[in-house]
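Note that the chains take the letters A, B, C, D, E, F, G, H, I and J in the order they are written out, and that residue 1 is the start of every chain.
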Amino acid sequence: MLFHVRMDVTLPPSMPEADAAELKKVEKAQSQALQAQGKWRHLWRIAGQYSNISVFDVENVDELHTLISSLPLFPYMKIEVMPLCRHPSSIRDDDR
Amino acid sequence: MLFHVRMDVTLPPSMPEADAAELKKVEKAQSQALQAQGKWRHLWRIAGQYSNISVFDVENVDELHTLISSLPLFPYMKIEVMPLCRHPSSIRDDDR
Amino acid sequence: MLFHVRMDVTLPPSMPEADAAELKKVEKAQSQALQAQGKWRHLWRIAGQYSNISVFDVENVDELHTLISSLPLFPYMKIEVMPLCRHPSSIRDDDR
Amino acid sequence: MLFHVRMDVTLPPSMPEADAAELKKVEKAQSQALQAQGKWRHLWRIAGQYSNISVFDVENVDELHTLISSLPLFPYMKIEVMPLCRHPSSIRDDDR
Amino acid sequence: MLFHVRMDVTLPPSMPEADAAELKKVEKAQSQALQAQGKWRHLWRIAGQYSNISVFDVENVDELHTLISSLPLFPYMKIEVMPLCRHPSSIRDDDR
Amino acid sequence: MLFHVRMDVTLPPSMPEADAAELKKVEKAQSQALQAQGKWRHLWRIAGQYSNISVFDVENVDELHTLISSLPLFPYMKIEVMPLCRHPSSIRDDDR
Amino acid sequence: MLFHVRMDVTLPPSMPEADAAELKKVEKAQSQALQAQGKWRHLWRIAGQYSNISVFDVENVDELHTLISSLPLFPYMKIEVMPLCRHPSSIRDDDR
Amino acid sequence: MLFHVRMDVTLPPSMPEADAAELKKVEKAQSQALQAQGKWRHLWRIAGQYSNISVFDVENVDELHTLISSLPLFPYMKIEVMPLCRHPSSIRDDDR
Amino acid sequence: MLFHVRMDVTLPPSMPEADAAELKKVEKAQSQALQAQGKWRHLWRIAGQYSNISVFDVENVDELHTLISSLPLFPYMKIEVMPLCRHPSSIRDDDR
Amino acid sequence: MLFHVRMDVTLPPSMPEADAAELKKVEKAQSQALQAQGKWRHLWRIAGQYSNISVFDVENVDELHTLISSLPLFPYMKIEVMPLCRHPSSIRDDDR
């Protein structure tokens, strides 16, 4: 089941650079593991912003929430979720 | 080059059903041709809405505008465009 | 799987009263059938508005979209969907 | 009498983790007591957000305000309240 | 129980003046009857707008919805409802 | 002359509790004095929020600004003002 | 007493040009009469828009509402009103 | 050339009172000098807010920006600028 | 003097195609004449929208309003104007 | 390929002046180098705001993101990007 997720990251200016770097390193590892498992199906940067557009492919809503809320940057992100479904005009088999 | 496009369709209540059906038929054919050419890379329905999320893969901005503004439903759509670029954490070769 | 849905209805002033009455009658029958099947789990009126708050319990996102977009009032509704999941503090077994 | 309540929680980044944990523990206990009394009738997590959708069943508006404003997280929440009433198409006896 | 209600009226330009005048006449009579019963406790015009601020005093939310949705101008109004309760600093006995 | 005023209070989390308590105590006294003089004609709490709806009855706009800007919580409030006038359907003599 | 008023005019595309011209002619005459009386103290066009910024100088809020709601274009305007008062740094005697 | 400017001031709660007082004193002097020169033509307080509505009369846009950005409170203000022009119905010679 | 202008065009669906074509033809001629005179300095299409971003170079605000409000599509456009001035970091002589 | 970019700068009040001055000096140098290379084609100040309107001319979206996200003020800016394309009425050869 597919969900469209937009994440906007805002780190507090007072956060020490080393802490930010550590957070981002763990976030990247966790994101790549989820991509490898096929759970985090697409991940793009929005040009000019510290934001991404993602598509998750999960078993259900609870799994979606668990994945997102376990991300190290979760407390610093504004997140918007939209459920997606197959478009009747789509010709691409795996866009569902 | 990738662009994230959201399209919200609103047909005027006064449009005859036959006209609407014809418009949608041409729109579908045109959309599927662009998908087959790889220009309209992803197409999903937003659940509960007469709206879609699309990802276009085009040579440049002019091509993007030409494709979108040639759609038969263009006069009836509210459209938002966001340029996308490769995310540094992405592991998927074709998400760029 | 639960989804929170808000529906705001706007009928065009030019719609004949008989047409509106027929639409509402079919809408009511369809809504009650879905409630009886357990798909449309909750349905409340927002006080002072021609709007409702609903909770749907469906197998997946595609089923949700099919149910909503088949409603006779669908072309006349502004619809917002939010996926829900179980709250860690909930003590109510069926709120999931 | 039913009220639809949305709560969005934002804890200040400077709050010590132990304080946050204590606040959440008391909040959970208080929420579960109110659920057990039937006052806090539904409680769901909005997927991907530190937010909930709740339905309260109270005697009157003053009781609603007292319950919400006594929550330990109240100073850290953005809260929206909408009065609900029975929907004429509802077939569920206790959705009122 | 008190509810704060804002009503913004928009009549379609195509409505014949006689129809509008009749609607307003019935609306006024109904409003004054509700005021006389103490249900519609306050009614003010917002300066410069075809809008009012009202305070209703009702037994419960269902009564509120019934009163508002029975107004002849209901189909032509945008309505916002906020539940009110007694303010701890109020010294006015009947502001509750 | 009547003015509708909405006040939303936000105290900075870093304010010591004793300071907040003192501010609120003075605010309450000042509010009650103005109510006793008939200047602050109505004062209600918006349910679920640290906000109020007030109606002021003043000689002119300058008096309104002086009263509001002298409140101890003024620096911590978001304030919206709307001028009110008598509604042609009102039957209540003092709602003007 | 001064009030800042913004008026945005939208005439329905279906209005015959002669009707629009007549409305504007009466509006202009009425506006100039009010300016001559000193009631409509300032009147500027917002560049690039069919909108104006005005400052009214009236005895009270009821007079303000009567003047605005009697304008022939009133049914076709979106209107925002803000009460103004003398600024403590102003050196201009008549800006009050 | 006239420009309509709205300024909303927000001083950080952590600013020492003496610093705030000094800033305001210099701001007032600078504002009054510009008023005396005819550059800052109108200055009103918006009732109930720490905000003003101003009309500047300048040679060109660069002068406008220089005047506004030199104000001591500039870093603490949200500013909105609208170019104004003479209204065809205005009868006041200096409203241009 | 430079002004940044955004124009969003919405033609009513009921407008006959021939009328729309005529309007656009005159609009284009007028726009190109103004470009040739150096008054309409830049003109770009926003990708995916029936909208443009323009930069006007005019003597004063009145000239700006006259140019914009004389466009044949003016009654069908939503227009936003922002005054621009030279940026202190600009190295381009004619960006002022 | 052209992109319209709006940048709004907000420096935290706690940033030492020397740090801010250093950031701005490096920002200016980097901006001027990009202008000299023709990548940052236009740069204007929005009057009355610490904001700019820019037009970038880049090979592709990735280059755009790299240029913007490398600016020293990037962490302190709210940024909006819109892809532009040639307008069919433009007569200016280099506006593409």
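The rule we apply is simple: a contact is a pair of C-beta atoms (placed from the backbone, for glycine too) under 8 Å apart; a residue touches a chain by one contact, two chains touch by 3 or more.
Note that the structure is predicted; figures quoted are calculated from it, not measured.
> Which chains contact both chain B and chain C?
Both chain B and chain C are touched by A, going by the contact rule given at the top.
> Identify, among I-J, C-E or B-C, the interface equivalent of A-B, where equivalent means over half of the contact pairs coincide by residue number.
I-J
> When contacts are scored as defined above, which chain pair ends up with more C-beta pairs, B-J or A-J?
Counting C-beta pairs in contact, B-J comes out ahead.
> What chain lies farthest away from chain J once each centre is taken as the mean of the Cα atoms?
E
> Compute the rotation angle for the C-alpha superposition of chain C onto chain F, expressed as a multiple of 5 degrees.
180
> What whole-Å value do you get for the distance between chain C and chain D if each is reduced to the mean of its CA atoms?
22
> Taking the mean of the CA coordinates per chain, how far is chain A from chain I in Å?
Using C-alpha averages as centres, the distance is 40 Å.
> Measure off the straight-line distance from the CA centroid of chain D to the CA centroid of chain I, and report it in whole Å.
50
> Among the residues of chain C, which are close enough to touch at least two other chains?
In chain C, residues 2-3, 45, 47-48, 61, 64-65, 81-86 touch at least two other chains, as defined above.
> Mind giving me all the chain pairs that touch?
A-B, A-C, A-D, A-J, B-C, B-I, B-J, C-D, C-E, D-E, D-F, E-F, E-G, F-G, F-H, G-H, G-I, H-I, H-J, I-J
> Within the complex, which stretch of chain I touches chain B?
The contact residues of chain I facing chain B are 11, 13, 45, 47-50.
> Which chain B residues qualify as touching chain I in the complex?
These residues of chain B touch chain I: 3, 5, 12, 14-15, 61, 64-65, 68-69, 75, 79-81.
> In the complex formed with chain G, which residues of chain H make contact?
The contact residues of chain H facing chain G are 2, 4, 27-28, 31-32, 35-36, 42-48, 52-53, 82-92, 95.
> Can you list the chain E residues touching chain D in their complex?
1-3, 60-62, 64-65, 81-86, 96
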